[in-house]
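What follows is a pair of complexes built around chain A, which joins chain B in one and chain C in the other.
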Partner chain A sequence: MSGTDHGITVTGVTKTFRTWDTADAWSIRRPLRRRRARRAVALADVDLRIERGEFIGLLGQNGAGKSTLIKIMTGLLLPEEGSVRVCGLDPYADRERNAHNMGVTFGQRTQMWWDLPARDSFGILRDIYGLPPTVWRDTLTQLDDVLALSAFWDTPVRFLSLGQRVRCDLAAALLHRPPVLFLDEPTIGLDVLVKDQVRELLTRYATTGDHAIVLTTHDMAEVEALCRRIVVIDRGRIVHDGPREALADVTDAEHTYLVEFETPPPALHLLTADVVSGEGPTVRVRPRPGADRAQVTAELLAAHAVRSVVYEGTRAEDILRTLYGRTARQSPAAAGGGGG
Partner chain B sequence: MTPAVPAPAPPAPVGRLRLAAIIMRAGLRSQLANRADFAMAVANGVTYQITVLLFAAVIFSRFPALAGWDLGEILLISSIRMMGHGLYMLFFGNLGLVPHLVREGRFEAFRTRPAPVLLQVFTYEAPINAVGDLVVAAASFGVCLSLLDMTWSVAAMAFLALAVAGATVLELGLNLHIAALVLRFRGSESLFFWLDNTAGNFGNYPLAVFPTVLQAAFTFGIPIAFAGYYPAAWLTGHTDTVPFTPLLVHLSAPVAALVLASGLATWRRCLAWYSRNG
Partner chain C sequence: MSPLARPAAPPDRAPRAHRLITLVPRSEWAYRPRIAATGFVIVTQVFLYVLLWRALYRESGDTVVGLDMSQAITYSVLATLMGTGRVILEGASQETAQSKIRDGSVVFWFVRPLAARRYCAWRGLGESLYATLWLLGGLTVGVLCSLVALPPSWSAAAVTVVSYALGQVVFYQISLLVDLTSFWTITSFGVNRLAAFAQLLLSGGLIPLWLFPDWFRSTAGHLPFAATINVPVSLYTGRIPVTASAPYLAEQALWCVLLAMLGRLMWRRAARRLLVLGG
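Right, the complex of A and B next:
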């Protein structure tokens, strides 16, 4: 079995959606006019390969094509061009077999049976996936240890709080021990304690090296905490695919240091950095090419009495802001993403 | 954390029937947990069908016989239709929830599980309303049988059972078409109510009381006449009075099978369209 038999391979996937010109939707002449249709590009020639043991963050603005890509990888949507393989299977043509291999969460939309207690839903899923009772019981116990499900799993799902429901949904997605996980905004709207529980669980899964995990989220703290590899999608194209640390190189995002001196410093002439701005004791400097953090910090400390130094500009959130802004400037007239 | 396990083989068809029973039982248990909800759901089914019967009773009080059919014979038409409808609601009534499931995103979840999508729709929640429908249908049958002066041979009883099953399958087939259309055109969900009302308003009477255009519509277009009228015509000896051809009284089961096959094909086609367009 090759490596990709355990992971996800997306090859040359293109997807467009037909949209209608609604400019004259309420015109009295509309019945006599043929509305103009156009194709909005949701994904354009997307290639992606995710191996077992990888935990990737799939990022992008609203409408960039993330959800369309997730739907295609889970077999919910058919691409117009290209192919997808999940654990060696076509997720659309082999829908039922593929479902055994993947776990999916859809943000706040629950997959549980609304009127049943969560534990009954877990029991039904055991039967749907044909899990041996011992495997099911062991997995449920392990999930309960992290997510503290037993406190409320006898309550009908419709009476659960959002946090409780999301935890149940996550457990439902993991119950059959799938090698591939698609997590679409798994912590949206949750309080910090529940977020911590979910992150702890996902970290445990990531450390087994046994799963290919795709996380889509707008929560950059989550990405920084969980994902080593980041894929950024914008207007249906992958604009970055690599280690999180490499994202800064792609964007040329400003790496800056915010320095708080004890008193306003004299004019600073540094060998390792340029002064970007200054106001009283607060100065922002940008390191020169080749200068590392230690060199810049040492020179700042030597220049004047320093109260604090904050390293700015490499947070994923800042980098993405730069990246989105750049792509928007590069192709303002490009066809908008039809996907979500 | 637990390692991933290799995918087991898909369950056999027998396993799927068992699965349906498990989900339905769990749903029923949850509905029974709240007795007030349960009672209200049953009452809803009873109220709706009793309203239909009351309307029919008012007509019969004015016209004791319609197109040569007396009260007991007409009640047989509505009893077959209502029993078929009750069984449809019991086993397949959740089809009417497809618009809701699509809107709520639950339909997507069904497609990520290793079980047939339709099975998951059918078993999504316990159809308590159906209990009310079946209670009224059984009562209607009881009254009808007491009024009818006929001998129930084995063949007649078998024909009656087949007619009820045919009515169930026919309603399933027609509703499958609508559920499929909902996937393709979001605005078509009101067709569920339209079909239910049409069957309730027109399906309980001898076809001869309607103008020819409606006779043709309910025979060849939306064939609800096969869900009550045609089989009742054979059972009550009215075969020679049916419109078009007397052969139609024997065709309930084949017509139901045909409508079901067409409904399933439409469902598959629209599901494929939904997968291409989202």
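Right, the complex of A and C next:
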């Protein structure tokens, strides 16, 4: 069986949505005027391949097309062009078979049964997925070890806190041991401790190398902690797809380092960086093309008493901010795509 | 290797979805005061019907439109038991398309290895069985209190059971179609209200259909609502003789098929409508 039989392949996927021009809304003055429909591009010719053992962060602004892509990969939407295969199956045409292969969370939306104890919900899912009781029990025990579910799983879901419910939902998505996971903002609204529990579980999954995992989130700390590969989607197109470390290269020219000296430095001349601005002991420098962080730091430390260096623009959050800003400047007319 | 690390092999057994029939009873049990409320509503309604029929028959003589007082009371008790239990149950489990669409969790109906249509059908079967428990309980109490007369014959009882089963299917299908409109309207409160009104009036659940003018009775008698209460209760009370029951049962069966086909079509369209809901 090839690698893609266990993973996800998205080929040339395009999806548009019909929107109505609100400027043409019905009014009493022009009651017969028809609203004009437009097609908003949510995804445009998207190619993506995720192998088993990969944990990717799917990033993008609100409305960039991430959720649309997730919905297409989970078989909720049918693309207008292109094809999708999850573990070798068409997720839309083969929805029920494909469901055995994937686990899904959608933000704070719950798949638990509101009035029943959480453990009863897990039992219903066992019946829906046709899981053998021993497999179900073993998996639940394993999930309980990490997520500490047993402390509250006999409580009706309606009485659970958000953190408890999200942990239950994550367990519900993993109960049938799917090889493919789609996690759409799984830690949104959670406190630090619960986030840590969720991250620990996902890290365990990632380290097995047995799963293809797609995580969408706006929490960059989560992305940096979990994802080795990052895919950035903007206005329906993939604008970056590569290792987490390579993301920094995308916005290289826009990195600056904030250097704090022990005392205000005299006129600063560096071989590896240009001075952008300075105020008292604090100077902002920009690395010259070809110079990396280590070279700039080494030159600074060699000749000056440096108190601290802050590498601005190198954290994933900074890079994305730059990237989003750049694509917005490049294609202002394309703004307002559909999807989510 | 820990079990978590090992993706499961495709299951070698079919989903045991039949266990979903316990969903509604379990949800009801979670809100025990609601069960008490249902009982209170039924008892009160039956009590008022008994008062009403006794007062009417005192004024009108032994029979009204061919029905004696015992038959009228039996009709109202059974109609109340069949109708009220179901109406109170609707949406009790919060497992309706309407509530799921509003909170966005309807997507989970479409990412499981059990089609949403089948999931709802199993849940609906549980709802019917639960409502039937109310009916049987109420019927037993009614017979013991001499409020409810027994059916005129064993064959009438048997035909009533068949008709009741068909009526429950029609009941489920009507509720489902109304619920599925939420995929287009986001909220089906308005459609729900209209359907509840039509169900109450046209099923004979509130007032027996034969008390209405001929034109109304003949029209309502051929609508699916009548198949849910009027036909089975009329068979039980002997208003429709067993020998004349075949066309009524056939019409009920026809509604089952037609509504099921319409439901299937709506499910297919609803799955496509999912795209506009939620980010």
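In this text, the second predicted complex is superposed on the first by the 333 of 340 C-alpha atoms of A that agree within 3 Å, B and C clash if a C-alpha of one lies under 4 Å from a C-alpha of the other, contacts with A are read in each partner's own complex, and residues count from 1 in each chain.
Heads up, the rule we're going with is that contacts are C-beta pairs under 8 Å (C-beta built on N, C-alpha and C of every residue); 3 or more make two chains touch, one makes a residue touch a chain.
Just so it is clear, the model here is predicted, and its values are computed rather than measured.
On the superposed chain A, the positions of chain B and chain C overlap enough to count as a clash. Contacts of A:D115 after superposition on the shared chain: both chain B and chain C are touched.
Once the two complexes are overlaid on the shared chain, A:N62 sits against chain C while remaining clear of chain B. In the superposition on chain A, contact of A:I124 is made with both chain B and chain C. Shared-chain residue A:K71: touches chain B and chain C both. Note: residues 17, 71, 74-78, 95-97, 99-100, 102, 104, 106, 109-111, 113-116, 120, 124, 127-130, 135, 138-139, 142, 156, 176-179, 204-205, 208, 210-211 of chain A belong to the chain B contact set and to the chain C contact set alike, using the contact criterion stated above.
By the touch criterion given at the top, residues 1-5, 7-8, 10-11, 15, 18-19, 22-23, 26-27, 29-31, 33, 104-106, 108-109, 111-116, 124-126, 272, 275-278 of chain B touch chain A in their complex. Interface residues of chain A facing chain B in the complex, by the touch rule stated above, are 17-18, 68, 71, 74-78, 87, 92, 95-97, 99-102, 104, 106, 109-111, 113-117, 120, 123-125, 127-130, 135, 138-139, 142, 156, 176-179, 204-205, 207-208, 210-211. Across the interface of their complex, chain C is touched by residues 6, 17, 62-63, 67, 71, 74-78, 95-97, 99-100, 102, 104, 106, 109-111, 113-116, 120, 124, 127-132, 135, 138-139, 142-143, 156, 174, 176-179, 204-205, 208, 210-211, 340 of chain A. Residue ranges on chain C touching chain A, taken from their complex, read 1-8, 10-11, 13-17, 19-20, 23, 26-27, 30-31, 93-95, 103-105, 107-108, 110-115, 119, 272, 274-276, 278-279.
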